[in-house]
């Protein structure tokens, strides 16, 4: 058995090693794949705060992923067309600067998470799963019908947005940006777990009645977790849009919410590195199985079933020999 | 807008709702008795439709096709229950969501493997095709009337089953207390398989009935699945009565919203934009309805209080 | 006589046709242990739930330190100085013993919103948590996973979490439940000393403990208080003997 | 002398082009509900490659699962890792919008076998982008023109509420001269059209135009036939294509639809295509298969003249469109979209098989409405 601390160190190093190797072997597509895994991991790291620590099974996290994506899409769309963005009486200029886009993505998704969380947290269990799904569907259908920004067709951004001092069009440089963001999110996650808030949230998942009797409000703790979680997933959405230079309503789809949960469960619910391991495996599986057969979804399904039935605690759980937190 | 048209649209909403009920009843029954969230319920709907299309193609008989749909879906349900689902009853919701999501992948692509990528043919039998004229001069398709009839009959049948039969007593006892049922000497795992197969059979029947007027294709179960979940959540998970009321509510909201919302927006917007905005809002209407219901009653209309 | 710390006035609660709490008025005064006894199904748990705010009464009021708290949430009552222990241990089983105590300390500090800094390195919180663990004899187990504790140790941890709050009144739901003779003896000794810090409303089935500890006893039968008095008064009360102790009057 | 030298050089270049391996990346939908279309495009394309007898064309095929992000990822892979020269295969407009602008900006050629979003035909056109199928509006415009000739005066139109649906209604209205009895947008993926059919019945229309691709069209047609409304229906070929026609069955009989291709277009290329496709794959070819087939033949005709590495020459070779199309005459307009004849077809039953028969020409030598906005 391996200590979780070693995994926490080894996984990011491995994720870093793959594109570095690809750079030397001149396989730029592998770098793109690693970037995709990194961004999906970031989204799942966000979800894992709500899911793994807070116990909130959100089947609507695609909302935040999509909002982040559209924040990027809309700002860059106005910048590339040199048209102003008008919200009511206010007029903004579009932008192609990643830091500004990130800030907007984080703020917008945090606000959405606050609203959705405040309404959804009135329910629990299956109802919570379903009401978050309902919000996801609302955003999905809204985006499809919103023809000003492409509707179902989505929005294409022809050139990747810029980051001061970098050429983000070079795959390895964009990977580096995403990797650093992921590491920061992981550090935030680790810090959160050990903090007073993390302790209280962790207890709110396991014994909400206890948390109440020591004078704390478990709902508010969970809401805060939901907001932080949504904000990180939103940031991932903005990066994902930049990776593809494209946003579309499919970023809001319930299948995407489901995939984010899948990533976490494959890796290990509530584990710091669970989402990262899960995202890497998922992208690798997708790539490898997809090349093997047209019907690769069948085998993906079989692998997933195997993990749920026989590897509780996910891959990290298998490696450390410890079951994960109970959600 | 004439009264006749409104009456026809209400009938359409009812018919849609009644079909949703066939899906939702199984889903809510399975949740009520076993506490299981079954995302793969839509796959069983698809299995029913494909079985019906295959049998109708081979024999030309619509009734045989319906029987085949029921049987195939129930059988698929029973097998899935015994091989996979059985291991999930004690598992947290998260694992259930995931495992049944995996089953969707397997069912969908497996079906495509067997039947190919093109939609299958399944049509209304001659003796049910064409419109009939109802009182008030409404010309309404006979088949859709038949659907309403079948749906109501199934609803009545389910009520009778749960309220009046030995199996029903076991089901209701199972909802309340598993150990109690086991202590009464009922073979609990057989009961679960039976309930799962019953729910699956209903989904398969719905798939076949609807498949005759829609397209029998891979992935047809997923949109219906989401709607069925909306229905049971609105009605209160585990409640057959709730599923029935919820199904009608969703059916009517979806159908009437699609017609009246664009008209409503035309009162103060130019027609093109009104149609688009109205349609957009109509497609979100049932989800808005669902979140309103849940914010008002967090356990649905007829759900047990948490 | 001093002002009661905690009191209920004519509390009523029914579930459909079942009346679980019927016009219950009891009080808890400084320095005392007031035990509530009664047969199973007498409504003790329902009463506690209303006192602590988990359940809203149909009628009547709950007063804490002279203030009407009937409309307040559980957490507001906790902040006002009410600490509760659960009949079935409500502890974060996946976390360490210290973590559970830290949760109490965090509740006492009233601010769980700090997102940075290791909670276990916060001296103030840690000292408070360790002091409580020390008092119930769990200091050596601070690093143990709660799920690995024995049943008796979990009962002690329940009390320790309540202690971290430094409350004005305790409500304890069967703290002796499942403890052996030795465990009960230790817990009895501990509670005996605790009453000077804050009075205890004690729901308990262990009659030896109740008779050893209680300053006053209230007997709850079918949701009604049929008698309140000292140990001797209750022992002698014919109604209690009839209804509860099952003896002929 | 100089002239001869140049000609010789061109010959050598051409010969060199014929020798060098050409890599073609095909991104298309091979799994999920829309897989039928992608499979047809792929099969048609590969049939043409096979018939050309050339073994120097290396086609890399990948499944986009009908997801834009996957398509973009595959395009990156093909450009960065496979180093393809030409991309093709995308079925859906939204996927094309995600992939094409970036791919052509990186100097790759893209040949569209199906999707033709207006953005890529107008202001967003590009010298390296060629559409071998149609601009999205074309078949709808033809449907509008046909409705005029058929004498429809008051028609009811409907399409899903998404950009291609909005384009469809715009395209129809651009050519239709009669009145509109009603105009509705349905939900994307909607399966029940009872409410819309009731509105059609109540509207007093004399005809119906609809654009509902895939399963939506099957559902609509079955329900429409059963409703007994019975008004004449016009639509683009997408709902009457060989792949799904069998699933619609009798409900489609007699419906008129517009298409730039039909299996009974009378020319030797088409006859041979229909026969060999059937022999190779055991089913009748569809519209999509013909488009895949034409795309491959266009590519091969250009490869005979120049290598993609010589971008200008290769582009000129593509522009010439010097290949024999299943549609007969075929040429590109200034925005690299086809100028072609669009037919009106009627659904008939041949033995047990439902198929289409040409009943007339809807629009002759039709170009798209966006060509003027294209500056290249």
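Just so it is clear, A, B, C and D label the chains in written order, and each chain counts residues from 1 on its own.
Rule of thumb we're sticking to: a contact is a pair of C-beta atoms (placed from the backbone, for glycine too) under 8 Å apart; a residue touches a chain by one contact, two chains touch by 3 or more.
By chain, with names taken from UniProt: A, B = Branched-chain amino acid ABC transporter permease; C = ABC transporter ATP-binding protein; D = ABC transporter substrate-binding protein.
Note that this is a predicted model, so its numbers are computed, not measured.
Shared contact partners of subunit A and subunit C are absent.
Following the contact convention of this document, A is the list of chains adjacent to both subunit B and subunit D. Chain centres here are means of the Cα atoms, and by that rule the chain farthest away from subunit D is C. Chain pair with the larger contact count among A-B and A-D is A-B, by C-beta pairs in contact. Centroid to centroid, with C-alpha atoms defining each point, subunit A and subunit B lie 32 Å apart. For the pair subunit B and subunit C, the distance between mean C-alpha positions equals 49 Å. Distance from the subunit A centre to the subunit D centre is 36 Å, each centre being the mean of its Cα atoms.
Averaged C-alpha coordinates give centres for subunit C and subunit D that are 75 Å from one another.
Looking at subunit B, one finds that residues 108-109, 112, 276, 279-280, 283 touch two or more other chains.
Contacts with at least two other chains are made by no residue of subunit C.
Among the residues of subunit A, those touching two or more other chains are numbered 141, 144-145, 147, 295-297, 326. Pairwise chain contacts present here: A-B, A-C, A-D, B-D [touch as defined]. Looking at the complex, you find that subunit A touches subunit D at residues 27-30, 32-33, 36, 141, 144-145, 147, 150-154, 156, 158-159, 171, 240, 243-246, 248, 250-251, 290, 294-297.
Residues 1-2, 4-5, 8-9, 12-13, 15-16, 108-109, 112, 117-121, 123-124, 129-131, 139, 141, 143-144, 210, 212-220, 223-224, 255-256, 258-259, 262, 271-272, 275-276, 279-280, 282-283 of subunit B are the ones touching subunit D in the complex.
The residues of subunit D lying in touch with subunit B in their complex are 31-33, 35-36, 39, 161, 166, 183-187, 189, 191-192, 194-196, 198-199, 201-202, 214-216, 218-219, 222-223, 226-228, 243-244, 246-251.
Contact residues of subunit A toward subunit C in the complex are 191-192, 194-200, 202-203, 206-207, 209-217, 221, 224, 325-326. Taken in their complex, subunit B has these residues touching subunit A: 31, 37, 84, 87-88, 91-95, 97-99, 101-106, 108-110, 112-113, 226, 229-230, 233, 237, 276-277, 279-280, 283-284, 287-288, 290-291, 294-295, 298-300, 303, 306.
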